[in-house]
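Following this line, the structures themselves.
Okay, so subunit A shows up in both of these, paired with subunit B first and subunit C after.
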Partner chain A sequence: MKILVTLDAKNYSKNILKDVARLAGNTLADVVFLGVQDDTASPRQSLVNTLLKYQKDIYSYFSPDDLPYAEFSSDRLEEKGKGDWTISAKGMKEFTLRIKSGSVAKQTIAVAEEMNCDLAVLGCGGKAGCEWDGEMNVPLRIAKDAPCSVLVIKQTKKTNQIVSILDHSVVSQDSLEMINQLVTLNEAGLKIVGVQKKKDGHKAEVEKRMVELLRYYNDLEINVWVKLLNSEEVKPYVTNISRESIVALWMGKESLIKLLFSQSMVDKLLETTQSSLLILR
Partner chain B sequence: MSNGQTSILILDDEPIVSKRLKPSLEKKGYEVETFTKGADALQRVRERHFDIVVTDLKMEGVDGMQFLSEVKEKYPDTEVIVITGFATMATAKESFNKGVFDFLAKPFKLGEIAEVIAKAEAKIKKG
Partner chain C sequence: MLKTLLYINEDLASSIALRYTAYLNKFSPLSLYVTHVVEQTEKEQAGTGLVKRAWEDGIVSSGEQLVNRMLRTENIDCPLAGRPKVVMGKREDETIYELRSGGYDLYIEGYLNTADPDQFYAVVSSELYSKSPCPILMVKNLSISKKCALLCASSVDPAVLVEKSMKILGDSTFKFDIVYFKFKDAEQMQILGKGDGGSNLQELESLLDKAGKSVDNVSVLAGNPEQVGDFLKQYALAVSTLPSRKSMRMQVLANSLAPVLLVR
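Let's turn to the complex of A and B:
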């Protein structure tokens, strides 16, 4: 698994490091830490220092025998292109620091595409919403356009339930696997909520999809709870459960949920959730 | 390694995994056999040697850890790559203690596992 983590010096970034370390430790992922700055001349030293500090924090999570990453040979990032600097260390798995200049959302999406990542992770600010320092709607724009699944961590409080909202459309194997990793990581229960349009003929398809998923989890000897909702019940339900659970929204191209959850609704969800939001692709 | 072709056994109870991996690896020149049932895979490794074994850990009716132990016991030179949708640090540690070559958490891209297989192959060829 390849994980991209976009970070800055703010608390909403610092606070996700423990979760990132646990995720990296469980999955033995290749990890890229991305910092984004305005200027293109050279990597800003304060940002370099921040990322190096975060790298040390992540490494310290592992015992020396278990650390899958190597130390960098120097603290100096090499220029990869204009406004693009990087340093990498390859142990059993690879750890990379990358600094790019430009917009946080755009550069995150660009690096996610370039590295072919499986999961993009970022933190999200406190009570007033989900703003990043100096740039509007960063988590929302990344969630909307990233080529991979996106995990927005709002608060790193322990959650014991993952609620996965699915519809009639084909759910990718990658999405199921991402949910499974989060269930394992959080030692959480899994609830699958099927969404159907009240008036159209999707009901049978949704039910069929739910049965397939039940069979899938039954074969893996994993208990799941299943619930079926009409489309108009989804928004209040998700708003309510997002206070206690990690919500995973399947938002593939053909997804009904993508239609139901307008960008403003996802933004609102990012604002109100007390846990984390996983956008699945 | 027969006729210079590296042989790979893939065991995953989700048919989609083999369906994705087999053609891609065969295109790269590997000899690939796929299994969705642990008992069948076990029977096959008792019959013949594989250079590389790719196995899931959590499968219906079979313990992947037990399977990889048996493979390593019978053929210590076989490189085993673990793929799992339910990764934990403990299972990774246990896998490495049993001598696996690498541990990949699902989801992963085809390129990622192809790279790991190429490294395992290079190690085998190096002796």
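Let's turn to the complex of A and C:
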């Protein structure tokens, strides 16, 4: 598994490190920490220091015997291309710090594509919305356009329920595992909500997906509850539960949920959620 | 042992019901029978005499295959007490007939939880539920809980609730809690003091005591049906009397994530 974590110096970034460490440890993932700056001349030292500090923090969550990553041989990032600097260390798994110049959303999406990552993670702040360095549309753009699953952690508040919304579209093994990780990280129960159109022929397929998931999570001894909703009931339901639960939306290419959850709806969810939003692809 | 009839279809609800039944068997041993009714419209019926008989045999045989497929797939840890009972006809009529003629103690069927209380009400007010000679367990979800909730409210007759539910659960190894529901439309559900439960709650406690059952915990909840329904997910099942009208308690049962045992 490959995890891309976009970070800056703000508290909402610092606060997600514990979750990132546990996620990386549980999945034995290759991890890239990405920092984004405006200027292209050289990596800004304050950003380098921030990322190096975060790297040390992440490493400190592991006992020396369990640490799957190696230490960097130096603190100097090498130029990979114009406005692109990196440093890597390969232990059992690879840990990379990368700094790019440009816009945060664009560079996160570009790096996610380039490294073919499974999950992009970022934090966001703000009580009334989900902002990144004063901008409200950064987490939304990443959630909407990234080629991989995206986890936006708004508050590292403990929640006792993960609500996973799915339709008839195919569910990948990685997505199942990510939900499993969220359940483990939060020691939460899992509610699987199947969505169907009132008059389409996908009811059996949605149920088939739910049976598969039920079996998968039961085998892992995870407490699962199922619920079935018609498509028109989904938006109010999700908006309501997002206040108290982590919402995971399966938004595959041909997903009904993708159609239902327009940009404004994902934006609203990012605004209302009191914990995290996971977009699964 | 409780003589139990479980309805099986080839869908998620039945898949959950099968697994849950095996779980229930650990707490209250069951003598389990399964049934499936093949429903045919008039248009689908063919021929007369031998032709009709051969056609019906074929339909029933495909129903038996469906049941066997489900049993094989779920492979539950609960032996069947007899061969699956697969018949042709109207599901409600055939099920009521089987429940009456077979002298069952309990009927179980799967019911997928939805956000629509009207759908739930349509089911619980159906002929099957109003004419069933035994309590009905609607399995909405699986559980790992070892506790049951006796759901009480001002509209519940405590005597019926205790007498009928203890016939099913009295010898089980489940622990019991009482959840007393009071409707209040607020953003947060409130947990009130025991005194707010009123005379029905007192009577319920006293009847359970007389039946030799101890109650672990009493929760008097003031909230809306969604909140209380969600609260019930911590239980292996919620027992209540069959609601006879569209009440707030009916909506709690509709929203309950836990399986619901309806007695009357």
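Criterion: the second predicted complex is superposed on the first by the 263 of 281 C-alpha atoms of A that agree within 3 Å, B and C clash if a C-alpha of one lies under 4 Å from a C-alpha of the other, contacts with A are read in each partner's own complex, and residues count from 1 in each chain.
Convention: a residue touches a chain if its C-beta (ideal position, glycine included) is under 8 Å from a C-beta of that chain, and two chains touch if they have at least 3 such contacts.
What you see is a predicted model; the values in this text were computed from it and never measured.
K.L.:
In the superposed arrangement, does A:Met210 touch subunit B (first), subunit C (second), both or neither?
P.N.:
A:Met210 sits against subunit C, while subunit B stays out of touch.
K.L.:
Identify the partner contact of A:Glu94: answer first if only subunit B is touched, second if only subunit C is, both if each is, neither if none is.
P.N.:
neither
K.L.:
Looking at the overlay, does A:Val224 come into contact with subunit B only (first), subunit C only (second), both, or neither?
P.N.:
The second partner, subunit C, only.
K.L.:
Taking the superposition as given, does A:Gly189 touch the first partner, subunit B, the second, subunit C, both, or neither?
P.N.:
second
K.L.:
Tell me the contact category for A:Asp57 with respect to subunit B and subunit C: first, second, both or neither.
P.N.:
neither
K.L.:
If we overlay the two complexes on their shared chain A, which of subunit B and subunit C does A:Tyr237 touch? Say first, second, both or neither.
P.N.:
Second partner only.
K.L.:
Following superposition on chain A, which residues of subunit A contact subunit B and also contact subunit C?
P.N.:
Of subunit A, residues 221 contact subunit B in one complex and subunit C in the other.
K.L.:
Can you list the subunit A residues touching subunit C in their complex?
P.N.:
189, 191, 204, 207-208, 210-211, 214, 218, 221, 223-230, 233, 237
K.L.:
In their shared complex, at which residues does subunit B touch subunit A?
P.N.:
Counting only subunit B, the residues touching subunit A are 13-14, 16-17, 58-60, 85-89, 92-93, 102-109, 111-112.
K.L.:
Under the touch definition given earlier, write down the residues of subunit C that touch subunit A in their complex.
P.N.:
Residue list for subunit C touching subunit A: 11-12, 15-16, 19, 112-116, 140-144, 233, 257.
K.L.:
State the interface residues of subunit A toward subunit B in the complex, per the touch definition above.
P.N.:
For subunit A paired with subunit B, touching residues are 1-2, 25-29, 66, 92, 116, 118, 173-174, 176-178, 180-181, 183-184, 219-221.
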